[in-house]
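Pasting the structures here.
Each of the two complexes below includes chain A, the first together with chain B, the second together with chain C.
Up next is the complex of A and B:
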């Protein structure tokens, strides 16, 4: 088991109190698994992704553990985490366009980063990997401003995976791209896994239709908790959680004329995470809610590899 | 690259031309008559002698020519390096008067500008990372940078010169000394130099420190910093990058501030009766000395232009983004 997260809680500290963005999350990612992490804005998916590599100043680790390849990640200890970052856990950030220092040549910056992390040399490997994503080694002698957006994205992808991390977190990497670049990025991510450059991967996105193309499994989050995890095919074709069902039905389908039929949305809004209500958090928007939903349903396995947090999922 | 510097040189050339023209105009359209003041200084009683002297002086300074001729003559002699003859220190050439004053002004300006810039930037970057420093010392920086130069100068002169009596408050060296390379003279020189230097240094220091502190905080929030931190880069490397990127706007700031700093130095010199260019400007205005005023202004303008040009070149060297812009049509 590459990654196993147990009852992880991460809260944001605000002036009005603690926002429970991640409130008791338990799941695991197998070796070689590409897991899509989907959810709407504010569902806690980015918080989860960040928690596994670097908590920012406002985030507080309120409980739970993260284990990677049998070692506990000290996620609350910024210094102790440094040892794991880049080597064990790595990140392709949402902001690839501005992730490189604008006043350093790319090759020099990577060299300085590697030297600072105690990894000497590596230039030959870097050039080989650039070639793998279709970039010539000339980009190492250029400044980020001299590269197109797509090239910068590929450079960042190469840099992030340079030390063959056990877990790669891709945080909304395709959000800012056009459809053809999205496809290229998805293919590259798949290539990283298939070439054995990264062991497992977590692809964070709000776009289920994209993650469906590359992910083995998809995990859906809602209001700081897990809703459903299933193999990608199953989750899209036979979802069991009412939220996932509505989410999937809100996706456009090929061959349907939406002039004739309006695309369905999910009425209502997610609850505030400042003082979230008890029980199932989807209760207020759920078409099948009943009395038992006042109690938090467990995230239980209803079929092999299919976990759902809903009383009516069986 | 050549295009870039060609265009820069053209802009500087135009600025120089306009500055020299304005420079020539100001004293001539100022109220007062310099020849009259020389005549009254001579204190001659006979009207005939006065008339003869007036004609002599007017012809000598070229005031009898039409304005456009005076203007052309001015350019002509300027290109020959001749700035005319001082009226105040008649008959010393203006060039000599300025050359005597320039070392004092440069001796004040260069150390105070460079040291305040370097020290202010370092201190600001340092303070940005320490809350207690940020909360205690930076308000002081705001006060310093908001202080007018001459006011701080007067305050320092009063506190350290009059009350504490540690430093002298007037002149560049003791009145009982002759310039020489003796230890006594150099010591006196340093002692007289300290307070005007300190007042210039402190005001500029506050401004640089605040600017740098804000820039560093901004840079440490930048995406490339977050990315490096997520890859476990040590804070040392991140700070180095942030400092280098934060210094770029400060270089531009230095170019913008140069004029202000020079003006501040001139006022400070007047407060401390320091015999530099500021002191000369004051004397030239009081004595309606067109030529000296013109010459001093010209010197200041040329100095600021040269310094700006140097900063332009330095900026190209430190920021790769300006270099890539030069390759294209931009």
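Up next is the complex of A and C:
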């Protein structure tokens, strides 16, 4: 088992109290598995991604464990994590593309970044990897502004995977790209796994139809907890959690127009994570909620590899 | 209302600004009152540059942009302009100052544009605007930018534009960081605003979303218009090979890229395929070439040359004539 997360809780400390952005999540990612991670905006996807890499000063590890290839990740200990970061687990953060410094050449930035991570010099491997994702080594001599979004994204991806991490986490890497670059970037991710450069992957995204193209499994989060995990095909064709069902049916297919058919989102808002109510967190918006939902449903296996946190999902 | 006429943008790039990069070239289209025009095209095709020129964040290098017939660069009073035209961008983090609470963006517009409104009424308006983008006011007000997720910040910016009661909104890739359900809500909100007369320039890479809300679609390629027209025509009967290749690359549920038939529509570059398909521009009658470089193949549906072999002899002919 590449990654195994057990009852992980990570809270943000704020003046008004703790925001329970990750409140008891348990799941695993197998060797070679590409897992898509989807869910409502604000449900804790980026928090989960960051937790496996670096807790910033306001994040508190409130409980639970993370194991990677049989070793426990010391996620609360920033220094001890150095040994794992980039080497064992690597993150491509949300908006990393626009974070590239516009006044520095790509090659210079990459060099500094690698030095800061204590990676031995030598650009031969870097150039080989760039070629692998369809970029010429000339990009190293260019400024970020001279590259398209898709090219920048691939540079960031090459840098993040240079040390062949066991687990790669990609947070919204395709969101700002046009459809053809999305396809190129998604195929590149797939290539990383197929060439054995990374063992497993977590791909955070709002584009379920995109991640469906490359993922083996999809995990859906809701308000700091897990709602459903299933093989990709099953999740999009036969979801069992009421939230996943509504999420999947909210995807507009090409061809639907507003005048002809007004699509509906999911009415209501997710609960505040400051003092979240007990029981199932989807209760207020769930069309099939009943008394038992006042109690928190377990994230239980309903079929092989298919886990759901809902009392109604048999 | 908004009209772009032969608009171009040349950037100076390279170490000492020594090279010229033409990001936008000879682009012309209109956005009417209560009309949504979506701008699609691949990364680097000049979509954001057009948006930034409309918002007067960067100057045009050629051509003109007019609002109700007035050249926007001649409108001295910027505040007057921004009372009518506002933008929301791709990367919400860059729009917030990290040292202030995120809701300061609302306080600022009150100060600037609505100083006369009472505090209580203003609070009510802010809450309504937040609810219209599906944010819980109690959950987001009073927080700092880093305490909010990307999608939450994005929606605060949309709420801010809603509060201003503007005439034209430039929305650059504003929904890519939202989940499907929230996207639909925001799109429906845009559609409702449009019904109230708001014109929207909607930059997006998501073709199904562009198709869902927009009246007209402009397809950009390397800074030029490849095809434009009523959305149902551009999506239903695309005439430029580039538009077809974009449509073919859209990820779909239930169909994997790998299952798609290998008939040349899903693979290969637009150029490769252009050779096999007749070029709509060169097939069209001379008389239909009503705009520079564009042929009108149906009512309001314009298409540029696909880069076919017909272009070369024609250029030669034109040169000979000249």
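Here is the rule we go by: the second predicted complex is superposed on the first by the 275 of 314 C-alpha atoms of A that agree within 3 Å, B and C clash if a C-alpha of one lies under 4 Å from a C-alpha of the other, contacts with A are read in each partner's own complex, and residues count from 1 in each chain.
In this section, a residue touches a chain if its C-beta (ideal position, glycine included) is under 8 Å from a C-beta of that chain, and two chains touch if they have at least 3 such contacts.
Remember, predicted model here, so these are calculated numbers, not experimental data.
S.K.: Going by the contact rule set out at the top, does A:146 touch chain B (first), chain C (second), both, or neither?
M.R.: A:146 contacts both chain B and chain C.
S.K.: A:40 in the overlay: touching chain B, chain C, both, or neither? Say first, second, both or neither.
M.R.: Touch partner of A:40: chain C, not chain B.
S.K.: Please determine whether it is chain B or chain C that touches the greater number of chain A residues.
M.R.: C
S.K.: Applying the document's definition of touch, where does A:190 land relative to chain B and chain C: first, second, both, or neither?
M.R.: In the superposed model, A:190 contacts neither chain B nor chain C.
S.K.: So, A:90: does it touch chain B (first), chain C (second), both, or neither?
M.R.: In the superposition, A:90 touches chain B alone.
S.K.: Which chain A residues are contacted by chain C in one complex and by chain B in the other?
M.R.: 95, 98, 143, 145-146.
S.K.: Quick one: which bits of chain A touch chain B in the complex? Just the residue numbers, please.
M.R.: 53-54, 56, 81-87, 90-91, 93, 95, 98-105, 112-113, 116-117, 143, 145-146, 156, 159-160
S.K.: Please give the residue numbers of chain C that touch chain A in the complex, ascending.
M.R.: Result: residues 13, 21, 40-45, 90-91, 93-94, 134-136, 138-139, 142-143, 147-152, 155, 173, 176-185, 187-188, 191, 205-209, 211-213, 231-232, 235, 245-247, 249-254, 256-257 of chain C touch chain A.
S.K.: Chain C touches which residues of chain A in the complex?
M.R.: Chain A residues touching chain C: 12, 14, 16, 19, 38-43, 46, 94-95, 98, 143, 145-146, 148-151, 172, 175-183, 186-187, 206-210, 212-213, 236-237, 246-248, 250-258, 262-266, 269, 272, 274.
S.K.: Would you pull the chain B residues touching chain A in the complex into a rising list?
M.R.: 222-224, 226-234, 236-237, 241, 244-245, 248, 318-321, 324
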